[in-house]
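Each of the two complexes below includes subunit A, the first together with subunit B, the second together with subunit C.
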Partner chain A sequence: MAKFARDLIFPLIAVVAAFIVGGILILLVGDNPIVAYRLLLGSALSWPDGIGYTLFHATPLIFTGLAVLVGFRCGLFNIGVEGQLYVAAFATAWVGITLAHRSAWFLVPLCFLAAILAGALWGAIPGVLKAYFGSHEVINTIMLNFIAVALVSYLTQYHYREANDPILQSSPIGWGAHIARLGKFIPGLPERIPLNLAFLLALLCCLLVYLFLWRTKWGYEIRATGSNPSAAEYGGISIRKQIVLAMAVSGALAGMVGINEVMGYRYRYYDGFSDNYGFTGIAVALLGRNHPVGVILAALLFAVLQHGGIYVDGFSEHITKDIVQVLQGIIILFVAAEAFFKWSLGRFGFRRLRA
Partner chain B sequence: MLELRQITKRFGDVLANDQVDIVVKPGTIHAIVGENGAGKSTAMRIAYGFYTADSGQILVDGQVRDIKSPHDAIALGIGMVHQHFMLVEDMTVAENIVLGAEPGTSLSLDLKSAAAQIRQLSEEFKLAVNPNEPVEHLSVGQQQRVELLKALYRHARLLILDEPTAVLTPLEVEEFFTILRRMREQGKTVIIITHKLSEVLAISDEVTVMRDGKVVGRVQTKDTNAAELARMMVGREVLLRVEKPDPKVGSAQLEVRNLSVVANDGTKRVKGISFDVRSGEIVGIAGVEGNGQTELMEALAGLVDLSRMTGETIYAGKNINGVGARRRRELGIAHIPEDRHRRGLLLDFSLAENSILGVHYRPPIAAYAGNIFLDEGAIQRRANEIIKAFDVRPPNAALPARALSGGNQQKLIIGREYHVDPKLLLVSQPTRGVDIGAIEFIHRQLVRLRDDGCAILLISAELEEVTSLSDRLLVIHEGKIAGEVDPKVATMEEIGLLMTRGH
Partner chain C sequence: MRDVFTWSLVASTIRLATPLILAALGGLFSERSGVINIALEGKMLAGAFTAAAVTYAADVEFGLGNASPWVGLLAGMLAGLFIAAIYAISCIQFKADQVVSGTAINILMLGIPAFLSGALFLSSGSTPQLPKDHLLPQSPYVIAVAVGVLVTATWYVVYKTPFGLRLRSVGEKPEAADAAGVSVSKMRYWGVLLAGILAGLGGAYLSIGQSSLFTRNMTSGRGFIALAALIFGKWRPVQTLLACLLFGFTEAVSIQMQGAVKLPSGENIPVQFIHMVPYVLTIVVLAGFIGSSRPPRALGIPYQKEK
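Now for the complex of A and B:
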């Protein structure tokens, strides 16, 4: 735990530094940074709307952050989370529409399964291509993103759209496929806020990913492959299997975004719903140090920015919610520059040198 | 020429140099010996300006000098060649040499005059390096000479060489020493950092011995011997020769029949090799590195795809062609790989996690719910057993493998492979980059395992090591067995000829 706390220092510095640089920018644009930040954090952390929406926004980011994390731990860069979550969300809706009249006991587990399997399958494709044909996962996942987005758009437009609906979205899923909003259980939290059971599922997944990677033999094999494939092979581990497995698990985690979106929020498939969740997931995993606990913290931070940004947009004179993009960008830049930081600190003698 | 006075350097809690005094006389070859972590490299890096000392003085030609950076060192005529070369592969020799000291004006690069100068230096010291050759076409030995030229081109009068022979084959070492002697004749001063005693005795005029950051001895090479140096380095008596009883040989554990292996680049590296290893004996394979040893070992360990092999491998009477690494381990074949960083260890994983590699998926390590989960208790027990039995230091299973010295990393690997009670042990370069004290220990462990009835196939580039450990010695040359000799009676010349000529 002490090691984890030490690992948090650099991300923390990155965040603080980003806020300072962002503050200077706000000043240059002609607004008061303190007012802007108070607006940003105050609105995102107010009860019940702020907190409710922030946690709702954090939900998909936890899933995508975990998805990227699992890939990274196997030495794979899964840029295809975006495509995986689209395919999975559509599959969830498809099951929810096709079997609309079945009871919740039947439909909820089936929809969960649809989300997980569709994501896993879409993730496993580039895994197989890498493991057995040696083509790089970064290229293939990017390509599959395009295919996924176009495919689900097409299906929605021509096969699952309600007649005369001006919005590009599917018909609604059956009542049996709805999962409860947390407002139902928490006094003071209105049910109009879409924070739902998927958030608890996301937290559960953090625990499961931790157990999987660090407490099971499969996780050991995935991490060994990510750490040193030659040594893993020497230890009798099939690298090909690990690549496919890691990509499938990564895709399954990405797919669970569909549960939050379709079963807990819109109750239908809404085309183009993802606010770049898959790509933000990369930043979440990096900022969270590829650790499940770090992913929760990073997802919460990005959710605060995302939700608070809306208010900054509405209530300040010059700056728009683009400031959030700027802050996110600077955070990522600082996290990426960590190696440089360490190096420059070392030059001034802050580091224990390698003997 | 160079004098370090009372140099002290601390890295965090570690005292790397403790009041080190080193005097290097001009026109001599001076060896600095010591085990890994003794502080040799640190002292020399201070002299070269890589580190600054916490206290103490550096004198060059009798004058106190303030060396703050390698730049200052070069200006004073000090050059350093590192263990890992710093060359740009796709640039020519001349381009590499002038890098950072480009001739001509700031706008035009005068490579021609540089090349002429390099050619002249190369002839003066008989280095036989063509300045216009791309570096990637050069052998390791030639690349090292480029590094030497780099220093000479910058008018170095004192050359510091950090473990220069670690990457060289026995023949290249001989050539290299000839070059060093020629440099001494031309008035250069050479400091050579090493832990190989035979080389110290062969090349140096004076020796400084370091241990635990301190200088523990200063001797003239002609007045000392290997046993005395080893004792100073380790701090106790060290047995340099392996003592072993006659082997009690059993039946053939491994039979290799007409085995050929094609490497990843498509070249055939092992060409129809046949031999047996019986239980209770150590069969050594001597050879210049790159003659198929690596591919042979990988093939026997199950790490080569079946499509790249022909011939038969028979283990305990059964054909195991096409049997993968995991199954071979289950059958009792253990493997100590030649490259511990690439193959043998997960450097970022803890010692505990490394100690279970290869057995991580089965009981007692994997347990609960159909053997899915790792049993932390069992892992800790296993790691601590290995650490204790093989004296891995520091004895802390939670440390990452990266934090250990080479010798201790090797002890961890050997401990892990011994822990499964192997019936056949494949071992490559067991003591590469390992301290003398640990070498003695590793050799004794190999003999112990053999006396317990294990069949051992040993590959080593250290001729002394294979001849003293092996019960039978095969010599490999260009992927073929060039001959079998009795290691008790064969001379080094005889083996050397087989290694280089193949007959």
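Now for the complex of A and C:
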């Protein structure tokens, strides 16, 4: 029970503290924080637009949060989610364009596979480099992000753009590769809102990641490697294999952002589509305390902010949607500085909560 | 190919490499002391924004004229120092994960400068344009001399002074340094704070030297290129300088060619491939495919004093 309380209380403190600091900032620039926060948080509650868009924004964040989570559980910091999702989204579009005339029965599973495999492959590269060459995954994933962005931008610009298209985007994917928007099934939710089946896939992935990490031998070995590599090795686990496996699974989860983006939203590859999904995924995993349920909650919070940011931008003269980025940064800083809270809680007599 | 290598290319290489060199030298102090610095990007953004905003204020509000970019430069360094102080307290005092804190600062600094620009100048995330004659000196000679002095000074401090020896020792073997009476936290504070000042300086040069205003996310990854240069330069000052010049050169080429570089055979190299060069080189070197680049032994590990 004490552990559960701790798991809940520190993220809550981080969020509340971040909102207080953000509120002070808003006051300093001469605006009313209560009005700003009401816009920021309240606009997500309206039906159908607020809720529809918030869940749509949450979809990629659940995938990226899970991706970062799997890495963390193996003791790896996957900063490369951003690159993995770009490569995967492009691969999805590539299959959707190349086999455009095939039927949905054929094309949908193939596009899914493309997203998952491309992400897994791009994620496995830093895994292999770490496992067999000993180079740090943080540096390599950062470098691979830039390489991925340049690579897909090159492919889009030189090989998959329609002639005379002023926008840097690929030609459209075939109809067979489209997945349904949820508006099709839910009365009152118009189909112009891009919330699609990928959201349900994201929820399913939360369950699968939970089962994988806590109910399978592979997951156990990944977690053992993460919590104590030398003990794991002594116990007969091949650390190298676990590192590559964890990075591949992490990349595969990141890659599924491509399903949401290409098959459910834009129906083509759009260069630079990711709104920092990969980096926000780090925040999501950390705030969600590296647990799938936490990831869902944290992804929803950041999605609410992202959606609300648009309204703040439009209504106030002084504050822009950049406040969302500011809040995210402060939240992670506070999550990172958990020791600080433990220390101050201890000082104020909440010793029971200290780890 | 001949017309690629012109004097203007050399000059723009020096100009473009300068912010990288400043940030990379900062990163060197920090990483040599054992603290990872993926937050260089955020510190550069803080420096770039503060320098541009303060230069504008000094010029318009206080009428300091030619002195204003220097005031701005100082402010940019202080901004870098301030961010570094937050980073240092979180990583050294509270032993927070260095990569997590660094990521937090990078994300925060994507937001705060743009937020403040919007609030202070009612813009969509940039500062007002500064007059052309109220910027830092642009002459490649002046810059080359300043950078040369700085690199030499860094080399001297890191390798020839007791301070440098202590700094390196807490990055390699903190237990031994501690046993020898060196304060590990103090040296790491020095490393991280120096990194903040230098990265802030690099950012300032970007906004009030190379260009004449701050724009949203104007570093666009230069902090990470600086980090790449530091690794490619094997955490040594002179090699890091050369790496920065190489990366500055690739950027200069890609700007000058506006799209594609023509090979003598008439084939085009798309600009995206030139952008990849620094990153690919870094991965290759770090993996030990060409030479080997070994990080300081205690890099990234918070030091827990034995009780």
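Heads up, the rule we're going with is that the second predicted complex is superposed on the first by the 342 of 355 C-alpha atoms of A that agree within 3 Å, B and C clash if a C-alpha of one lies under 4 Å from a C-alpha of the other, contacts with A are read in each partner's own complex, and residues count from 1 in each chain.
Definition applied: a contact is a pair of C-beta atoms (placed from the backbone, for glycine too) under 8 Å apart; a residue touches a chain by one contact, two chains touch by 3 or more.
The shown structure was predicted, so the numbers you read here are calculated from the model rather than taken from an experiment.
One of subunit B and subunit C touches more residues of subunit A, and that partner is C. Once chain A of one complex is fitted onto chain A of the other, the partner contacts of A:F185 are absent, as it touches neither subunit B nor subunit C.
Of the two partner chains placed by superposition, only subunit C is touched by A:V29; subunit B is not.
When both complexes are overlaid on chain A, the residue A:F133 reaches subunit C alone and has no touch with subunit B.
By the touch criterion stated above, A:F106 is placed in contact with neither subunit B nor subunit C. In the superposition on chain A, A:E221 makes contact with subunit B only, not with subunit C. Within the complex formed with subunit C, the subunit A residues making contact are 25, 29-31, 77, 79, 129, 133-136, 138-140, 142-144, 146-147, 150-151, 153-154, 157-158, 276, 279-280, 282-283, 286, 317-320, 322-330, 332-333, 335-340, 343. Interface of subunit C with subunit A (complex): residues 36, 38, 86, 90, 94-97, 99-101, 103-112, 114-116, 118-120, 122, 124-125, 221, 224, 227-228, 231, 270, 272-273, 275-276, 279-280, 282-283, 286-288, 295, 300.
Across the complex, subunit A meets subunit B through its residues 215-218, 220-221, 223-224, 227-228, 230-238, 352-353, 355. Listing the residues of subunit B that touch subunit A in their complex gives 11-12, 14, 16, 37, 42, 51, 301, 303, 324-329, 335, 337, 342-349, 353, 356-358, 360-361, 365-366, 371-374.
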